[in-house]
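Okay, so chain A shows up in both of these, paired with chain B first and chain C after.
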Partner chain A sequence: MRVAESLNRALHEVLADDSSVRVLGEDLLDPYGGAFKITKGLSSRFPGQVLATPISENGIVGVAGGLALAGGKAIVEIMFSDFVTLAFDQIVNFASKSVSMYGRPLRLPLIVRCPSGGGRGYGPTHSQSLQKHFIGVPGLAVYEVSPFDDHRELFGEMLARGEPCLLFEDKILYTRQIFEDGIADDLFRYDVLPQAGQVTRVYLEDPEQADCVIIAPGGMAHRALAAMRTLLLEREITCLLLVPRRLYPFDVAPLSPLLERTGAVAVAEESTAGGTWGAEVAQQVHSRLWGRLRRPVSLVHSAASVIPAAAHLERDVLVQDTAIVRAVQELLP
Partner chain B sequence: MQEGLLEKITEDLSDDDLGLLLLIRHFERKLLDLFGQGLVQGTTHTCLGQEYVPVALAPLLGERDFVFSNHRGHGHYLARFRDPYGLLAEILGREGAVCGGVGGSQHILSGRYLSTGIQGESLPVAAGVALHLRDAEPGALALAYVGDGTWGQGAVYEALNMAALWRLPLVVVTENNGIAQTTPTSAQMAGTIGDRARAFGCRFLHVGSRDIGEIRDGLRPLFERTREGAGPLVVEFATHRLGPHSKGDDTRTAEEIRRARDHDWYPREGATVSPRFARMDAEARAFVEVVAGEVLGRPLSAREG
Partner chain C sequence: MTELRVPKLNNNDTEYLLVEWLAEDGAEVLKGDPVVVLETSKAAEELVAEVDGVLRRTAEIGATCVPGEVIAYISDDSAPPPTAADREPTSSGPVITAPAQVLIDEHGVDPARIRALGKKVIKRADVAALLETGVDAGGDSASSSPETQTRPLPAVQRAVAAAVTRSHHTIPAAFTAVKLDAGPAIARARVLSKEARALIGLPELLVSAVASLHEQFPMCFAEPMVADGPGGDLAVRPSPAPNVGVTVDVGHGLYVPVLHGADRLSLKEIAQRLTAYRTKAMRGAFREEDLAGGNIVVTLHTDAAVLLAVPIIFPGQTCALSLCAPQHEVALDSAGNIVKRTTVTLGLAFDHRVVNGREAAMFLNAVRKAITA
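Take a look at the complex of A and B:
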């Protein structure tokens, strides 16, 4: 099953299980079913729960916040995650603050889905990975879709949090198959570490045996796997890949034993350079494991650039598996 | 007309309405006084001169209705809850504060009342609440207060568009006091609020009167129609801000301030106008003194959760 289908199924189940959930967004009515078809079929099956909106990102997220405030639950689709900047006020100043600024906890079950990332030639305003701009906001959780995850469970977890969640969905991932039964491919296996907040662990034969750890969100999974394959076959370097379900809040503590064993850690993400999620993770790793690391945590991210439309130029800017290979080699000279 | 207004206020108002008007007036005055003494942190925006708006609206609202307030919300809060202790404790960060002192003057949540300090932000949220009410609790409405300056925000138009499209039970009350912080309305608004509201197909009413009975009679049927599914209603009150924008920042000329005072419902020599007014005015003033003394004597507030 493709990731898009898995997300679509999960949304069908969420709406069927809980009639207080509403899905809002632009152009998500059938037959179109949303720009990436993730909401396909929902409006026909749950007409009262699905609302197509005007092009008003700030307004839609505000309306969703109001629904959540009044006792409902809301899932918003931002057509391209780039446009979530227009809803920054409603996310940062209203929804995430409301859960605590009134002096007592307030439940605000709200998910903002953000189809993100490049690789499709959509150009500078339709290709960004804006995760980093939402890291460190009190009362706001940031998630990223991964091909290893059970997406029904993912939506359930976010709604149960009772605070606003952003869900980044790498657009390239939509067309990829989800991984099942602990098998990533012919080389790598995976399992999930529930005690570490549902972090997926991808490994070759034995998770305890690795030369290096790569931490990367779901959208990077395939590039990380490709890098791990190259490193193994060409350099005999074994990597352990850790894919967190939730990027923020993120606690590196339960992963420390795994990181310590190798002493070599790389963090890979698609956001452009500067003020990244990876820098936040690296800071945590450094303050916990300094002295037990062979080298500083290596950051892999896209170049500090707008994201060009032309395929060859875009490729130069965005993180490729080769960048991960390079980073790991530098960690293990 | 002004004399007529004064007569009405002193003769026709119920004790309840007059008491509430005076409570808000003395509460706000006391706040500015406490500010002067250095006892209030941060900032606070008083509604001096505008008290009659929430007082007129109070009985038009039911328990199930949501009220969204803004930075100038003390009158809105007091008209809904008549709880000067909780509000003052919130502003002063003392025990018994409605929001534990986290929210302060501008960020208050109590039951179905919420205020926040970002201009225009509450309108989409109020539309979302109205959407929920439309389907889950028909007959209830969401009312949001905004100032004239806030009509500069895009969020206002996104919300009006959706509210009108979806026929939401939303009432937007604009307190047009002719100024936004230091910018006169004439320098920040092209066209009129009425034309803007009508452009979205919203029903609109301009209220020039400060007669509480007249305002209620005019608005009651419009509120009813909103509850019954006629879609959003925009009401614009032509009103006057007597005090500074927040604590001591008045850039208006003496002449402009005098003009605002001329429109005040509270007669400056009120005590001499009628025995009832004089008595209730003294009572309200004394009550607010008691509230302030009591709240100032409380320990600092603690934050829950």
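Take a look at the complex of A and C:
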């Protein structure tokens, strides 16, 4: 099953299970079913729960936030995550504060879905990974879709938090198959660490035996796997990949034993350089494991540049598997 | 027996979904019949049979297929379709790391011994341990380190290779070039671009100029052929309309899409179609009809340092032109004053069996005039 289909199924189940859930967004009525078809079929099956809106991200998220605060549950689709900045005020100044600033905790079950990332030649305004701008906002959780995840469970977890969540969905995943039965490919297997907040752990044969740990969100999974294959076959370097389901809040403590064992950690993400999620993770790793690290945590991210539309220029800017290979090699000279 | 392979349908996806077979397994299909529907992340695309014959499917509905993969065979029933056993890789042996492979090659280790280790991944240490337990007798420390292993060319480049090799073997080509004072033409193109609201430059002017000379120089657009089968006399088949191929290479390989009936196209239309072709090249979205039916080629050499380029004549054609990058130079005007001017080199490679130097020069000069007019 492809990731797009898996997300679509999950949304169908969410709406069927809970009639208080509303889905809002642009162009998501059938037969179009959203720009990436993630909301396909929802409006036909649940006409009362799906609301197509004008192009007004600020308005959509405002309505959804109000709806969630008033006892409903809301899932918003931002057609391209680049435009979530238009709703920044509603997310940061209204929704995330409302859960705590009225003197008693209030529930605000809201998910803002953000198709993000480049690699498809959509240019500077439709290719960004803006996760980093939402890291560290009190009352706001940031998630990222991964091909290892159970997406029904993921939506359930986010709605159950009772506070606003952003869900970044790397567009390149939509057409990829989801991984099943603990098998990533012919070389690598995976399992999930529930105690670490559902972090997926991808390993060669024995998760306890690795030379280096790569921490990367779901959109990077295929690039990380490609890098791990190259490192293994060319240099006999074995990596352990950790894919967190929730990017923020993120607690590195349960992962410490794994990180400590190798003493070599790289964080990979597609956000552009500077003030990134990876830097936040690295800071936590340094604070906990200083003295047991062989080298400072390596950060892999896209260049500090707008994202070009031309494929060959875009490649130069965005993180490729080769960048992860380089970073790991530098950690293990 | 013809393979039905999954083409590269777009640049977004690395794999497609097989959503529907339009012809039954074992059905007779005719060339051009749609047989299967593949779904990309954006669209559904039909593939057609390239030959007449009996369809033998090798992939199921719902299968994920990647560009280049064979999903069916179309046979004339003279040969049985390959069985699953033929298609499977011969053995799914262990994955061997490069350092391990070097050691294996150095010592000529028997692959059976490697397989016998029963490991998923063979590392250098595994091979070293194997060697300690007894070196293979007579193992000659031969060759193929990973650096020297051959790598296959991509499909587009293999097609280019086949065409240029055939051209080189079969077409006795000659080459003539002229220098063109491009300043006025570039200025004119700039004005035309504004009027037409389309990007018109020297390439567009050249395509238009070449097309306009179709009637005047029919031999330059003709198809050379051997009459009465192999060994017969050389003959030419004139072409009814100028179909001008233009080289496009945006980094994914060389394509020569064709502007059909280019003499009937305005400069604006030529510019629009070339732009559309460049977009298709970016996406790898060319259709067969975009690339077929050309009878002359214009090759563009836009790298600023290229002074002169000798194009390869496409098999089945007589002429190929090359347009090189504008160069700035100092020249003397009619009054003897020093002036700055911009020139380009315009080259013509021609099949000397059917076109002679005099006609080539006349054709080139006529093109030059038409551009600078």
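Following the convention adopted for this analysis, the second predicted complex is superposed on the first by the 333 of 333 C-alpha atoms of A that agree within 3 Å, B and C clash if a C-alpha of one lies under 4 Å from a C-alpha of the other, contacts with A are read in each partner's own complex, and residues count from 1 in each chain.
Following the convention adopted for this analysis, a residue touches a chain if its C-beta (ideal position, glycine included) is under 8 Å from a C-beta of that chain, and two chains touch if they have at least 3 such contacts.
Here the structure is a predicted model, which is why all the values come from computation and not from measurement.
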| item | value |
| --- | --- |
| Fit-or-clash call for chain B and chain C when the two complexes are aligned on chain A | fit |
| Chain B versus chain C as contact partner of A:103, first or second or both or neither | first |
| Touched partner set for A:93, first chain B, second chain C, both or neither | first |
| Chain B versus chain C as contact partner of A:59, first or second or both or neither | first |
| Partner touching more residues of chain A, whether chain B or chain C | B |
| Touching partner for A:71 - first (chain B), second (chain C), both, neither | first |
| Chain B versus chain C as contact partner of A:204, first or second or both or neither | second |
| First (chain B), second (chain C), both or neither touched by A:160 | neither |
| Touched partner set for A:48, first chain B, second chain C, both or neither | first |
| First, second, both or neither for A:303, with chain B first and chain C second | neither |
| Smallest distance from any CA atom of chain C to any CA atom of chain B, in Å, after fitting | 30 |
| Common ground on chain A, meaning residues reached by chain C in one complex and by chain B in the other | none |
| List of chain B residues in touch with chain A within their complex | 66, 97-103, 107-109, 114, 116, 118, 121, 123-133, 135-136, 142, 154-155, 158-159, 161-162, 165-166, 301, 303-305 |
| Residue ranges of chain C in contact with chain A within the complex | 11-15, 17, 40-41, 64, 95-100, 120-121, 123-124, 250-251, 282-283 |
| Partner chain C, residues of chain A touching it in the complex | 2, 4, 36, 120-121, 174-177, 186-187, 204-205, 232-236, 310-312 |
| Parts of chain A lying in touch with chain B, wherever the complex brings them together | 48, 51, 53-54, 56, 58-72, 74, 89-90, 93-94, 97-98, 100-106 |
